[in-house]
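Next come two complexes, and both contain subunit A; in the first it sits with subunit B, in the second with subunit C.
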Partner chain A sequence: MLKKEEKLVFELSVPGRSTNLLPKCDVDEAEITDMIPDDFLREDETCLPELSEVDVVRHFTHLSQKNYGVDSGFYPLGSCTMKYNPKINEEVSKLDGFLKVHPYQLEETVQGCLELLYKTDKFLSEITGMDGFSLQPAAGAHGEMAGLMIIKAFHEKNGDNKRTKIIVPDSAHGTNPASAATVGFDVVEVKSDERGGIDIDALKELMSEEIAGLMLTNPNTLGLFDENIDLIAKIVHDAGGLLYYDGANANAIMGISRPGDMGFDVVHLNLHKTFSTPHGGGGPGSGPVGVKKQLVPFLPKPVVEYDNGKYYFDYDRPLSIGRVKSFYGNFSVIVKAYAYIRTLGADGLRKVSEAAVLNANYIKEKLKEYFHLPYDRTCMHEVVFSGQWQKEYGVSTLDIAKRLLDFGYHPPTIYFPLIVKEAFMVEPTETESKETLDEFINVMIKIAGEAENEPEMLLNAPQNTPVLRLDEARAARKPVLKYERGL
Partner chain B sequence: MSYIPTTDEQQQKMLADIGVNSIDELFADIPESVKLKTGLNIPKAMSELELTAHMQEMAGKNINLDKYTCFLGAGAYDHFIPSVVTNLLSRQEFYTAYTPYQPEISQGTLQAIFEYQTMICSLTGMDVSNASLYDGATALAEAASMVCEATRRNEIIAIRSIHPESREVMSTYAKFKGMTLIECGIQDGVTDLQNLKELLNDNTAAVLVQSPNFFGAIENIKEIAEIAHENKSLLVVSCDPVSLAILKAPGDIGADIVVGEGQVLGNPVSFGGPYLGFMAAKKEFTRRMPGRIVGETVDRDGKRGYVLTLQTREQHIRREKATSNICSNQALNALAATIYLSVMGKNGLKKAAELCLQKAHYAYRKLIETNLFSPAFESPFFKEFLLIYHGDADKLNKHLLEKNIIGGFATERFYPEFKGGYLVAVTEKRTRDEIDRLVSEVVSAC
Partner chain C sequence: MKVLEELKYSKEHEWVKIDGNKAYIGITDHAQHSLGDIVFVEIPEVGTELNKGDVLGVVESVKAASDVYTPVSGKIIEVNEDLTDSPENINEDPYGSWIAVIEISDMSETEELMDANDYERFCQEEE
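Let's look at the complex of A and B:
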């Protein structure tokens, strides 16, 4: 990785330099002030830099060299499913017939786009055991929000207005309670039992006619499958609540078990996790939301329908929660997910989950001697360790993560789930080879040794990165959120 | 196809090391009752060659803007995208990375976002920008929640000239968050100031306005700001960032929060997404902002670096008390915007804006001269304008399509009050020849 400091793009600016990319004006020109009143016009200049094309290319190339992607190396970031992003999916998503299509073109001129959306809806429904999807949500959290709106709208339609609370496990992703609050629900937390699943007695106690539903990830954030899922579904449904499936961990179950068959009523998927679309450094993602039959009328509108040889948008959906985004969702991302499903097929998808689970269990077995394993049972696609043994030598999970950087790895997710002290969550995904896993395992064992014998190696890490540990407290205390010097 | 590198033999070895006999044993925790008994009903796998042919066939069913001349806008625009943007975005270090949780190996993403935030602040005239949101519509909806929290009032006045889909998104958010959304009418294609004054009350958190608005018309932000502020309400402005190269920054004329659709900054129309929503605000709203924010700091050697900051606003720390549930940004689209703004530069963006302005006005004059249209309004406009077509707009567009032209947007679906409403967008990409061809085809269509 590039260690040399890269100036900010504004610091590279040279007055008078330009790329001059645009043609001369070829129409009869009018005075600007004849078109726009003087007092609407900008007087000051913008801060944009003055650069040549090569300046720009080098600058952003240098920035890229300070980044680490899945193509750079192993990225076992738990709950994020950092699998390989197939190049062919990138390529087909950039076909002119997908990329250069305007969302308001006449329906007869976008039949290919509509067909793709329609079929993706059907495939995702099949994979999850649901009856219909909306591809509109732009991210997992956005899908959660839409799904919870559907739950709320459903209860309201039934005149069931007392249902103002959503139950969320103490192991849940932070977005779960945040999304519930966004939609106006009160959040009630249910604790986990000693095996890492939902505490059934605690759940029973919480159920009442005020409960709108339960949000659950299964396998959960401990990487464990909740064996009581049948019972949980029964308890929630008997009390009139609905079950929401957070699909963040769906990479463990494709072709093996379906949320719809587990009793879930609403599910969101992260196409940027399970369906291999790249994360883009934080986005764009795509978080389709799927539902069981009785909830289909509540899906965001429009949805794509097919009739008489033609695909079309159906806007006439009186019970729909409405729109949650402009147009129809993050279309290019959906194209990549569609391509992924088509290249793997039913068998390929199942093999993905099998290999993902195998890889995670392999790491678990190989490392549990060296790092505390709070739940020693078969895991699914990810495994949660604790750095508490190393804590005794004065090093934390953060230090372990930073030391991994020196060995050229992206560290696992750390300090999550919250119910495990000094947690680190390893999700290898199916696209890693045994050789990669073995190397990683060896490095982790080496780090465990260093923690005991040379803890300063961890405390001073990383040394081998573009910058050393950054002062995050200072950034928050005295926020500098834009460049001002010299502008 | 398969992206799984472990061989059968290796898998057997791994199973043995784990101490189980088969992969099925690893799934023993899943009760039989919920296990899938048959395979998924998904078509069998395609090879790369088959997939390519299949996708090309599907893409071929769409007409695209490379082969057709586009005068359609209405929220998504066919602007010029420098080849540099596309080229740099394809670097794997950018597009295959996750959210920059480990700043030491994410300085590329973080510094680019810091540069993005600086550019957005400068264009909008604001103190602080976040790292971007899902799109322009959700950015406006998030701003609506923000102002309600900030003012402890729960009524929002949204002008009818805001993009109808943005108003729909806001209405969805408002319904579930307990906010009241009130619509203010329009006069001559812009805010009806009299109506606005009547609607403002003690419970009005903010006025939300778009400029240039859905009709392309430029709103009088300064006057709206004065009216809103007199009522101790805030002003949220949604704007087109390209227009800001020549129009006053909303922050300099009274806006408290500025949002907008960033697609126009180097992102293809892509059948509606992914785009990016930008959001910038005055300093006092910093800690109320949703989404990621990047800040400058130093490392242990005192070297300058960048981190995600002010995270106590966010869901992974605050859970249900977070300012929003958003835990990502449209990083790659924001990167496209940053590269676009860097390569266009100060003068290039201004030139693009001026070309849009000149060409749109040329097209406007020529179309009016045909006597087949009349102006809908007299308000000043930027790159898009509403006309009243005297014939059948759908028929016109079908005729244009046969001539390889994607015509304007027939607005009656959203604004039945303007019968024959026809919204035409003209970006810097359109040439005089193309505009003249549109005009002559419009004439031959009737």
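Let's look at the complex of A and C:
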């Protein structure tokens, strides 16, 4: 079924075929031309597909079977934390008290929902070492934007208007410079040293009274923990800047180290990564932003407060950057993350991170003989290899990724981070068993052998998919985005 | 990797063709090769004043988006509009596909650029 190419619903259409079994019309029929002015009448045919019910059901079932997600198999897409989404989260989020509420209901009728928001704020604060969270941002980059707006508002409040620049490492996620630019900062890049961390001398040189802050992912996109974080925090703080923690890789540190203790002033978390809420297909996501005490007044409003046995929305926050999302964020996603935290507890969350790090290091050790490992040191929750050895045989990392499709895997992230040539980044997550990891490792070893002995197996991959190698350049240059009859 | 004798080169893999006080700027064969198929080019606006090292444009391939930096300071006097519709020109003919022409404000900056031999050696060292 996977292999068969599915026709478009328009191509399955047969004129006159329909699923409608309507009762006889019991009012007088009138011509549409008598009721609607000519100007508004359609001149062409509607071009809607005509199919029987079973054809429609099969068509969409086939499409759903071609989808690949964490429920269908191993999904080692580095930097994305494609962990399993426990079904109990879904059950909990569908409880009537969460599902059938309206955002305009009176506070006293939704005390349970407010309590959940309040407690999630406290849990996330405890996990990250921060003093308060806003659960409004709807995605990681949205959290970045809110966090940077807070940094900007803080400096402006202090009359510190010269701080117009944000420092971002050369290994950063592309969203970091993009978010900084969106908020109106100029972006300055700091390079990495040979161990994959921030180059301390380069950072010192960049610091000035124009620097509003530094954005850092720790562990970074190489899957490496920056051991100099204390020093980095000191350098930035001494120069009057703030530290922003990109929580994309927080799955490596839960219960072990906290951004707040490392010296970060602002963090965002991705509930759809670290806290097991659905990720692909639009999620929807959730990117809460948390801050240290001095920045709490700037958080988006409203925040949920508790006083005298009652939870309530606090709108009286004059320094707030304002709302960043309609209502209170993606509420049902927050419910799922809350369920995850409560299911695992503090010890469980620590074990999540330990297993995520162990799994990545297991893959690293098993594969480093077969694929170049540019930074050969203990990694965190993900490991970055390079396909450079395979280049000798005329195959690239893209070909390795395409060949993985033939074995039924979602390929890892490729060509990122940009500072590693022919990079591929593997993030197994904690929810995969040793058996699953071993199967993947064996396939990767097989592919390394093919690259050397029968490179055409990679160059012609994939062969087991509904469509073969796609012309990605042409798809990007001249995309065909809609069906046209006779095309 | 192709290198042309008559051009100058930057460490960021731009090439410069100097014609009087005008500089034609594009990206090298090495650069287009490591980027892969280019699918989009963002060209600058005529009249923009740039300092050496400022972002001149962006080239986006199926792998990544990269900034193109100007190796010389000056004012943009002409841009290659063809690249908007045909970004693949850079892959097919990197040295024929200049991105912009700059009126050089400080000729001494051109002396810091590499010649063909130096650039070739620079690329080998970077590998």
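Some observations on this one:
Following the convention adopted for this analysis, the second predicted complex is superposed on the first by the 423 of 487 C-alpha atoms of A that agree within 3 Å, B and C clash if a C-alpha of one lies under 4 Å from a C-alpha of the other, contacts with A are read in each partner's own complex, and residues count from 1 in each chain.
Criterion: a contact is a pair of C-beta atoms (placed from the backbone, for glycine too) under 8 Å apart; a residue touches a chain by one contact, two chains touch by 3 or more.
The structure displayed is predicted, hence computed values, not measured ones.
Within the superposed three-chain model, A:Tyr104 lies in touch with subunit B and out of touch with subunit C [touch as defined at top]. One of subunit B and subunit C touches more residues of subunit A, and that partner is B. In the overlay built on the shared chain, the residue A:Gln294 is in contact with neither subunit B nor subunit C.
When both complexes are overlaid on chain A, the residue A:Ala476 reaches subunit B and subunit C alike. Once chain A of one complex is fitted onto chain A of the other, the partner contacts of A:Thr465 are limited to subunit B, with no touch recorded for subunit C. When the shared chain is aligned, subunit B comes close enough to touch A:Lys325, but subunit C does not. Contacts of A:Asn442 after superposition on the shared chain: neither subunit B nor subunit C is touched. Overlap of the subunit B and subunit C contact sets on subunit A: residues 174, 416, 472, 476.
Those residues of subunit A lying in contact with subunit C across their complex are 174, 414-416, 418, 421, 472-473, 476-477. Subunit C contributes residues 34, 36-40, 62-65, 87-88 to its touches with subunit A in the complex.
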